[in-house]
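What follows are several structures.
In what comes next, subunit A is part of two complexes: it sits with subunit B in the first one and with subunit C in the second one.
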Partner chain A sequence: MTAAQVHETISEETVRQISDELDEPDWLLETRLDALAALDDLEMPDVIRTPGRDWTNLHALDFEEFVDPLNAAEDKDQIGPDEVEVLPFAEAVAEREDLLREQFGSVIDPEENYLVALSTALFSTGTVVYVPENVDAEDVTIRTTQNSRSLFNYTLVVTEQSSSVTILERQDTGESVDGERYYSGVVEIAAGENSHVQYGSLQDLDEETYNYALKRGDAADYATVNWVDGNLGSRLTKSSVETNLDGEGSETKTVGAFFGHDDQHFDIAARVWHNTAHTTADLVTRGVLDDEARSVYEGVQDVGREAWDTNSYQRENTLMLSDESEADASPKLIINNHDTEASHSATVGQIDEEDMFYMTSRALGDETARNMLVEGFFVPVLEEIEVEELRDDLAARVRERLQ
Partner chain B sequence: MATLQLNNLHAEVVEADEKILDGVDLTVESGEIHALMGPNGSGKSTTAKVIAGHPAYEVTEGEVLLELDDEEWGEELPEEKLTWNLLDLEPNERAALGVFLGFQYPAEIEGVTMVNFLRQALNAKLEEREELFEDEADAAEDEDDDAGYETSPMEGPADEGEVDVAEFQQILSEKMELLDIDEEFAQRYLNAGFSGGEKKQNEVLQAAILEPSIAVLDEIDSGLDIDRLQDVSDGINALRDEQGTGILQITHYQRILDYVEPDHVHVMLDGQIAKSGGPELAEKLEDEGYDWVRDEAYEAA
Partner chain C sequence: MSSEQDQLKQTNTEERFEFKKEERSAVRSDKGLTEEVVRLISDDKDEPDWMLDRRLRALEHWQEMPMPTDWPGQPDLTELNVEEIVPYIRPDVDKRSGADSWEDLPDEIQDTFEKLGIPDAEREALSGVGAQYESEVVYQNMQERWEEKGVVFMNMDKAVQEHPDLVKEHFMTSCVPPSDNKFAALHGAVWSGGSFVYVPEDVTVNMPVQAYFRMNSEGMGQFEHTLIIAEPGSEVHYIEGCSAPKYGTHNLHSGGVEVFVGEDAHVQYSTVQNWSKNTFNLNTKRAIVEKGGRMEWISGSMGSKATMLYPCSILKGREASANNITIAFAGEGQNIDTGAKVYHNAPNTKSTIESKSISKDGGRTNYRGLVHISEGAENSSTSVECDALMFDNESTSDTMPYMEIDESKVDVAHEATVGKIGDEDVFYLQSRGLDDDDAKQMIVSGFIEPITEELPIEYAVELNRLIELEMEGSLG
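Entry: the complex of A and B
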């Protein structure tokens, strides 16, 4: 277990300094210090194991090399319409302490695993989005451009009753830093009764960056939490998008897309817990791998004992463009209530030779034919994305990567 | 105008080492309609796929030639551009030269709309054709041109191609009307969720748009109801009558030959053309089956 290495380089003093710069109240400092202290005993998040192999080796991450929280630097845009509060974290501390105290760590336990605790102890930037009752808001955009060796980011979204909001959060890297980097992003969404949240993320970090992302939403009665998770950048990404369907009639749709090339590694998960009656989940992920890229996908639909009248669907498809790429997929369906309509499927495959022959027999060159097939492969996922800007961006990035 | 010539063609399945074509001789000229009949497993579909360049088959002997007639090209073609050995060419190059394969089981391509696919295919054909016919000095010059084009953002999107969206829409509408195909087809994904009959109709539509000099249609009539059979037949006749396409029609059934009258009928047995004749041959096959052809062939041998 190498997890203790960070603890040696990151002191209590560092954590106090970060907290002090954000002018945080004592309770938040205590939460950070507790997370720091807990590091010694916490495990890395689970990874998929197949016989003889851990697909993602998080223990090999060299945190001493990466983690440099006091020199964190970024460009950030945090924009939204007037009726919504879109607050940089320091402002949220100053203006919305009660809200923070109530919600911070309410969806994701700050000490859930080693990487979450590390993020809790060290995050120096973030955004709080607060949507008041009955407000209907679009176009909240958050853009984070990482300019330092490491960056720990935190996002909290709280929607009050019968409100709705669309949020688009992007991550990329700016000024080049020699060597490898680390980006960590934790996103908590507390979706109030009958509210509707669409949260889209487009991760386009440079390919020397290791990326840990955990996004989780709790949906109250009749609330909807919809996710779009696009992963294009990074050297290694460990990302999980999760929803607790806690309220009656609550719903979620998770749409995932990734496109790996060179030696990129994507460890992608989509998870949903049906905790009560009349809930619906739809998990759709598609990914393409070229060169020596690897992906591992885990999808979990967990239908609890009290989850009467559940509808839950999951499908994942990975398309490999080269013989050197590798993929594993494991869709899991756990049913503890018989009153459930559910399906789950995953496929991993290469481009169909008959499809290629069909297209080239119509005069299309190999490359054009292949590119049309890849773009077409993403279409079912793109069609699920309701935010036009995100859909167009993702389609454009896919096209770029094919050039 | 062109002539497709199969000379002593031998082919086998690459992975199975299984011999399928055992010396096929066949000539199809533009403007002619040929029917290729024969029992299952006789090598009809393999013939079609080998002509188009399917990677699963290896040609072990013989040749597939396409001879062009230079009238169509509007200028005199040099000697070396008149006869093409198709076996040396990629599937897309064969298509660009005017060879079309109508598939027995067309692929379903998700996420690619008909209109986008067909426009790109038409443009790819025009572009590839230009490359095949220009001589090497021109080719070098063209590459320079291309480089210049790409660096100039004011030229507009480089991938628009020779036939732009509006112009193509016009072409597509006309051809769809001719074939009695519903307009909404254009926005559907290529063959995805199409019925068997719709797929076959779509193959004929694609031929109508690409205007081949030789179209090989593999069981284009299988699984069609009578209305659709008529539409498809009208499409095939129009290809021949209006574009002078030569048709090699592979079929199990005499029925389509009432609508698309063949000039020549061939019977394939065990990887060879066992017998050729006029339209009356098809009728005899329908009535009497293939056994008598087999008997004749063995007697002759």
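Entry: the complex of A and C
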């Protein structure tokens, strides 16, 4: 089944107008128009199905209602140290067309699925981060505040040999809009040989916003791509964080955290493909669900035929605070090379009664005790976050939500 | 060691499993799945109309339902052409619905089961035995003392005639309806043979009953149906074994198993599957477990070209529990896709799933399992452990668990590991004087030991022996 047709006003003309405002070269306009034309034949991103159930129903999304690309509006901060190029997309088009031409769509196929193609056709804002050889850079920060009904964002990170960078990208919503909204973000990271990237993301959109996020990194020889993916906001999030370990000795660590309440729905995936020898992956996700919130987690560790000497680990833990919530999980191992050490584990449960008893016996009230235990539950993932600002922000947002 | 175990140690697999007998059938249906074939089967069994109606409804489901093709990593079913399968062959035996003496069977059938060690096992360790050859149960016997206690162990076709009320109520209604999946629908249309087991309240059948299923003819399908009703407080252990000689064309086995576990009853269902490597083995097995009842599924999947098997327990009453133990061994050309399903639909229910899989010489194993905890099933717990051992770089090992947790007061844990057979372990054993093959065999035996120790000794020996044969590459 192909996805529903979007609003008639999303026409070739719309796409041309967006591309024109960014003063894009023909090849990029063509890429967008091809993606628009492909929409009819593309499928929605995969969702997990078990007998009688779809874990997330993307077909219920009403694109006609909330896609309005020509009125896109946002506030944006794009800051970084001098030795790194941190370019708003229009500037990147003007100054680094060569780089864009080489890297745009090199990690994520612009027509990979319906929602990616929609993003390719309609994105109006974005950031390009370029880290030259041997440069070590910290504190690249990107903040996008969505002020319109829909916003399509694009991020490209390119690191040259033996460089390193930490990036923090945040999404939130500003001026309120009547009804539902849509935010779509595509992130491509091309990590050069022996480079080190930590990309952290904190999604804190308002709870009328539907969110699609696809983030993928390709790691060259001895490169490291580390992710932190925090999800707090949105009404429904479909997010996948993915790494291709293409280079020998490359590594990834993916750290995920989510906290759902009310009727939020998080469909979170962490995926890694071990494509060559001596690669290592560690996927760690922790989530808390309150009220009627629902989480869907898929973790994929795919070890290819040529991936000798692989180490691959995955852990997922969900804490349920409410009987009305639901946690679904499917951690998958796909192992095609026997020279592998792989494991995964997943747990779902409530707050441990003995822990509660201990805390309350120390004269803490029930709620205080519960809140401390929830904060404590996130500590193992917080400890994995290198960027202090992100660690503090995430801890603060968890605390806020508990209040 | 008993003579049975000597028999099981027999190394000549040609003699043990792969011998072929000339086909001598009394009735043989056409190939394919048509209304004519379904009517022929029903007519040949002189079935009541209600059973024919159920078959025809199942046929409609079969015709309407698509083949399962969109499961991630599933076995390739494109080579399975059901239109080329002969679904019904009634062997030429004098007595319909099972002789009670092996001597009454034609020589070639008697010889078949003797080679498989069934009469020996019957004498030594079993309460009752059923033996199915092609589409029909040819031998059925149970010790008299169980009959006196009201235990019923009979061929399913006969149960349709003799226990119509029980069968009508339980046969492919609430447990495995034909609409459940494409192959359950197929099964519902052309089922033949299998066992009916009824254990009255508070009766404990202390020795297992066993059924053995043998497919002898090329290109046939076997579709036996097993219905077990364990009344409150009763206990029974049912064991099934199966095998077939290898042919160039495909055979199909699509069994249906329904188990009703009454309050505080306990049913153990053990399967040692050794179909030949041209067989598609696509089964539906399910139990409904009432309050305090316990269901145990133990499955060893060694044979077949492709297996899709996920024994399911529906924990319907409080404190019901399910244990699944599954061993899969996939060698060259085999794809063993197996696991377990558990639905926790009541409070204080428990389940455990232990899976061990071994892949070798390009074989592919996949653990696929689902644990569902419904809202309100508080204080339920489930633990899933999957371990996989890989022999070489041509093989594949997948693990695909699904957990749906709709209740917060639960304890859910899943763990899986995959690794290669350790060079150091092999080296160590070699340094103790074992050759490479023996060392690997010993490591595999150790790997599956936590599971084999749960089996009755005869079956543990059988399973170990099959694995040895598999490791030697000597099973067809």
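Throughout what follows, the second predicted complex is superposed on the first by the 398 of 403 C-alpha atoms of A that agree within 3 Å, B and C clash if a C-alpha of one lies under 4 Å from a C-alpha of the other, contacts with A are read in each partner's own complex, and residues count from 1 in each chain.
As a convention for this text, contacts are C-beta pairs under 8 Å (C-beta built on N, C-alpha and C of every residue); 3 or more make two chains touch, one makes a residue touch a chain.
Keep in mind it's a predicted model, so treat the numbers as computed, not measured.
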item: Contacts of A:Glu83 with subunit B and subunit C, given as first, second, both or neither; value: neither
item: Greater residue coverage of subunit A in the superposed arrangement, subunit B or subunit C; value: C
item: Subunit B versus subunit C as contact partner of A:Asp41, first or second or both or neither; value: neither
item: Which superposed partner A:Thr340 touches (first subunit B, second subunit C, both, neither); value: second
item: Touched partner set for A:Leu373, first subunit B, second subunit C, both or neither; value: first
item: Which of subunit B and subunit C A:Glu400 touches, first, second, both or neither; value: neither
item: Partner chain(s) touched by A:Met359 [first = subunit B, second = subunit C, both, neither]; value: first
item: Touching partner for A:Glu30 - first (subunit B), second (subunit C), both, neither; value: neither
item: Which of subunit B and subunit C A:Ser325 touches, first, second, both or neither; value: second
item: First (subunit B), second (subunit C), both or neither touched by A:Glu64; value: neither
item: Shared subunit A surface residues [contacts with subunit B and with subunit C]; value: none
item: Subunit C-touching residues of subunit A, taken from the complex the two chains share; value: 48-51, 53, 305, 308, 318, 320-350
item: In the complex with subunit A, residue positions of subunit B that touch it; value: 52-56, 90-92, 94-96, 100-101, 103, 106-107, 109-112, 116-117, 120-122, 124-125, 128, 189, 206, 210
item: Touching residues (chain side subunit A, partner subunit B) in the complex; value: 352-355, 357-366, 368-369, 372-373, 375-380
item: Of all residues in subunit C, those that touch subunit A in their complex; value: 70, 72-73, 181, 370, 372, 375, 378, 388, 390-393, 395-421
